[in-house]
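The letters A, B and C name the chains in turn, as written, and every chain counts its residues from 1.
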Amino acid sequence: MSAVAGPFGIAGPDDGPALLLRNLSKSYTAGKPVLRGITLAIEGRGITAIIGPSGTGKSTLIRCINRLVTPTSGEIIFRGQSLDSLSGSALRKARRRIGMVHQEYNLVERLTVMENLLCGRLGYVPVWRAWLRRFPDQDIDRAFELLDAVGLADYAHRRADQLSGGQRQRVGIARALMQGPELLLADEPTSSLDPKTSVEIVELMARLAGDRGIPVVINIHNVELARRFASRIIGMAQGEIVFDGPPDALQDQHLARIYGGESWLE
Amino acid sequence: MTAPAIRREWHRFTPAERLARFAVYLFTVAAVVWAARYVEIIPEFLADAPAQTVDLFTRMWPFDWAHYWTGVHGALIETFHIATLGTLLAIALAVPVALMAARNITRSKVLNLFATFLLVASRSVNSLIWALLFVAIFGPGALAGVMAIGFRSIGFVGKLLAEAIEEAQPGPIEALTATGAPFGSVLNKGYWPQVEPSFWSIVLFRWDINIRESAVLGLVGAGGIGVALDAALANLYWDQVGLILAVIFAVVVVTEIVTSGIRSRII
Amino acid sequence: MTAATSSARGRSAAFPANWSRRLGYVLVALYAVYAASTLDITLDRFIRGLDQGAQFLARMWPPSFDPVQLSLLRQGMIESIQIAVLATFVGVLLSLPLGLVAARNLMPASISWPARGLIALCRSFHPVIVSILFVKAVGFGALAGILALIVASMGFVSKLFAEAIEEMNLKQVEAVRATGASFFGVLVMGVLPQVMARFVGFGAYQLDSNLRNSTMVGIVGGGGIGATLFTAYQRFDYDFVLTILLAIIAVIMVSELASAQLRKIFQ
């Protein structure tokens, strides 16, 4: 295990990029690449928003980073460690340092909110503890703190399937932060939510990650949300990066390049 | 963020839920210990088991293939007829009972309960025991087998059918009733179209089970391939027993393929 | 358009006569007649049977409450319950890993296919046939019945359990895997919470089913109330047979109520 991860793995001062992708490609069927040679460095703080049309490989890119998808070629270097060829327990140890917030929340519906949060500690505790639900006290304390932080203090005993969409995504964020991650990935975290809740969720994620000094990589459909919260925007089209810069640099001509056509901009 | 003044405890279940679960675990362990202590196991028999098993298989192989046409084929066909006729009989008997058991059709609690009792009674008594009773009534032979399969299946078909009827959407039925349609038409045009897919799948499922069940009815004299099996067992012709078991296995596999094929086509 | 013509046309368009279906019903009826004739099932035999049936029922009624017979009933019933409890406990316990291993979305094909083959083998023979083989292997008595019902339980519970796992939500599982959980961590927090309630339901159903089947294995020497019943039947003590049947139905009704309660606790 690397030196930067403490018990809750808060990242040290940035020395070099937190995450480096080099020439990353992925094709699900041979000859039809979804990602074409992505090269990208993510700094140790701030929100990086990835925008682009559906089916352009944003999701695949995010899922390559924690290796839910195995890239066809290229390198993934996370805090100096190469992830692209890890497997078994080394891969699991790397994954627990990377939190993920999912598109449809993906909570385990039949578990309570507290149990869903404790899922975030599964990479750290032995299985028998998870089986008997005897998690260490510090994990329980931390879970209650995070429930306070996401505004669900009274919901610990509710089953996840009793919550509204916004509440579920708050649990999803808290579960990811339970891991004590050094990087937070978010795959379309607001696409199933109404506009007001979407803003609240991204705001919450930005605030909690900012407090903890965790860099965030977020896939997002909503360009306005990206502009409002991100410190850097990456535009993708057809599996390639076609824009990379701060939010104010993103002009209509870039959007036209990313999404194709112009009429929708008017 | 302020740390909580008092440590907040977390438990997976409320005390009542924990108590209920604990009671179930305790009861399970007690039941298993009780059962294990009184079941008689004769150590000599157990020690002998591996040798007996090997002996069993060496006596079975090679099969007495010649016996197929002389003693098995006819019985196999008879088994098929028993299962199919028994299923048809079960449908005829189960439909009225299911209608009586469905609370959205029969509004009388007493009749519902009576029908439910009939269904439970039919399911509780095994096909083999039904067969014993019908052999006493009709004498040995396929008739007893058909009756046994039919009576055993009433409970299964009737219960599932009643559930399917109770799940029918009330909308179309209210619409039909509102037009003043007689009860028969409401059943035929309101319920039947909604229940039909599950009806066929229940019947198919039961037919599949009945093929397996009718293979053993012959052990108590109710016809079919079980009679051949019983004779071979009684005479200790293990090579015939092996052949018959192989034939039953083949029939079960074929039935499974046929029913899953039909199911994927009609459902 | 007048009301009369519109209703007539509406009817003929809405419910066209379905000739292929009617042909199907005719074919089924013809088959039933043909099959009945090959099985030598005639109306005459049936009517004679009804006469016999009346006598048979008359000899059954009233059920016997002879103290000696009641104590035999008690012994047999307790042994049946013990057989069912042990067979269910062991069978369901073994089904948990077997079902997990047989689920094609958790395991590579090289592991899941052999497991599915084993399940299919457990399912393909009727418990009565399996207990005949076990009687040969381990001797007469309860152990043979227990082993046979363990095989039946494994076939049923692990098949349905594997199917339940294959139907679960994979995104929830993937989210747990993304936290860095090990395979067993994913199993405990991602897979089991989704399927455990259904597993308990299958297990509870299997207890009912084993109770019913434990009345049957006795007929071929597997112990329990079935043996008592068969003896009473062979000695023409039909009034005692009725007592036994009523006792079986009562026990199974109680067990169905209890298992419904169990499912509620673990839902």
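Throughout what follows, contacts are C-beta pairs under 8 Å (C-beta built on N, C-alpha and C of every residue); 3 or more make two chains touch, one makes a residue touch a chain.
Computed from a predicted structure; not experimentally measured.
Enquirer: Should the pattern of chain-chain touching be classed as line, ring, star, complete or other?
Expert: The chain contacts form a complete graph, every chain touching every other.
Enquirer: By raw count of C-beta pairs in contact, what's the busiest chain pair here?
Expert: B-C
Enquirer: For chain A and chain C, let me know how many angstrom lie between their CA-based centres, rounded off.
Expert: So the centroids are 48 Å from each other.
Enquirer: What is the distance, in whole Å, between the centres of chain B and chain C, each centre taken as the mean of its C-alpha atoms?
Expert: Here chain B and chain C have centroids separated by 5 Å.
Enquirer: So how far apart, in whole Å, are chain A and chain B when each is placed at the average of its C-alpha atoms?
Expert: 50
Enquirer: Could you tell me which residues belong to chain A and also touch two or more other chains?
Expert: As it turns out, chain A has residues touching two or more other chains at 115.
Enquirer: Where on chain B does chain C make contact in their complex?
Expert: Going through chain B, the ones touching chain C are 17, 20-21, 24, 28, 31-32, 34-36, 38-42, 45-46, 48-49, 52-53, 56, 77-78, 81-82, 84-85, 88, 120-121, 123-126, 128-129, 132-133, 136-139, 141-143, 146, 189, 212-213, 215-216, 219-220, 223, 229, 233, 245, 248-249, 252-253.
Enquirer: What does chain C use to touch chain A in their complex?
Expert: Chain C residues touching chain A: 169, 171-172, 174-182, 184-186, 188-190, 193-194, 197.
Enquirer: Which stretch or stretches of chain A touch chain C in the complex?
Expert: By the definition above, chain A touches chain C via 66, 68, 89, 92-100, 102, 104, 106-111, 115, 118-123, 127, 130-131, 172, 175-176, 178-179.
Enquirer: Hey, which residues of chain C end up touching chain B in the complex?
Expert: On the chain C side, the touching residues are 15, 28, 31-32, 35-36, 38-41, 45-46, 49, 52-53, 56, 78-79, 81-83, 85-86, 89, 124-126, 128-129, 132-133, 136-139, 141-143, 146, 212-213, 215-216, 219-220, 226, 229-230, 233, 238, 241, 245, 248-249, 252-253, 256, 262, 265-266.
Enquirer: Looking at the complex, which residues from chain A come into contact with chain B?
Expert: 112, 114-115, 133, 137, 140-141, 143-145, 148-149, 156-157
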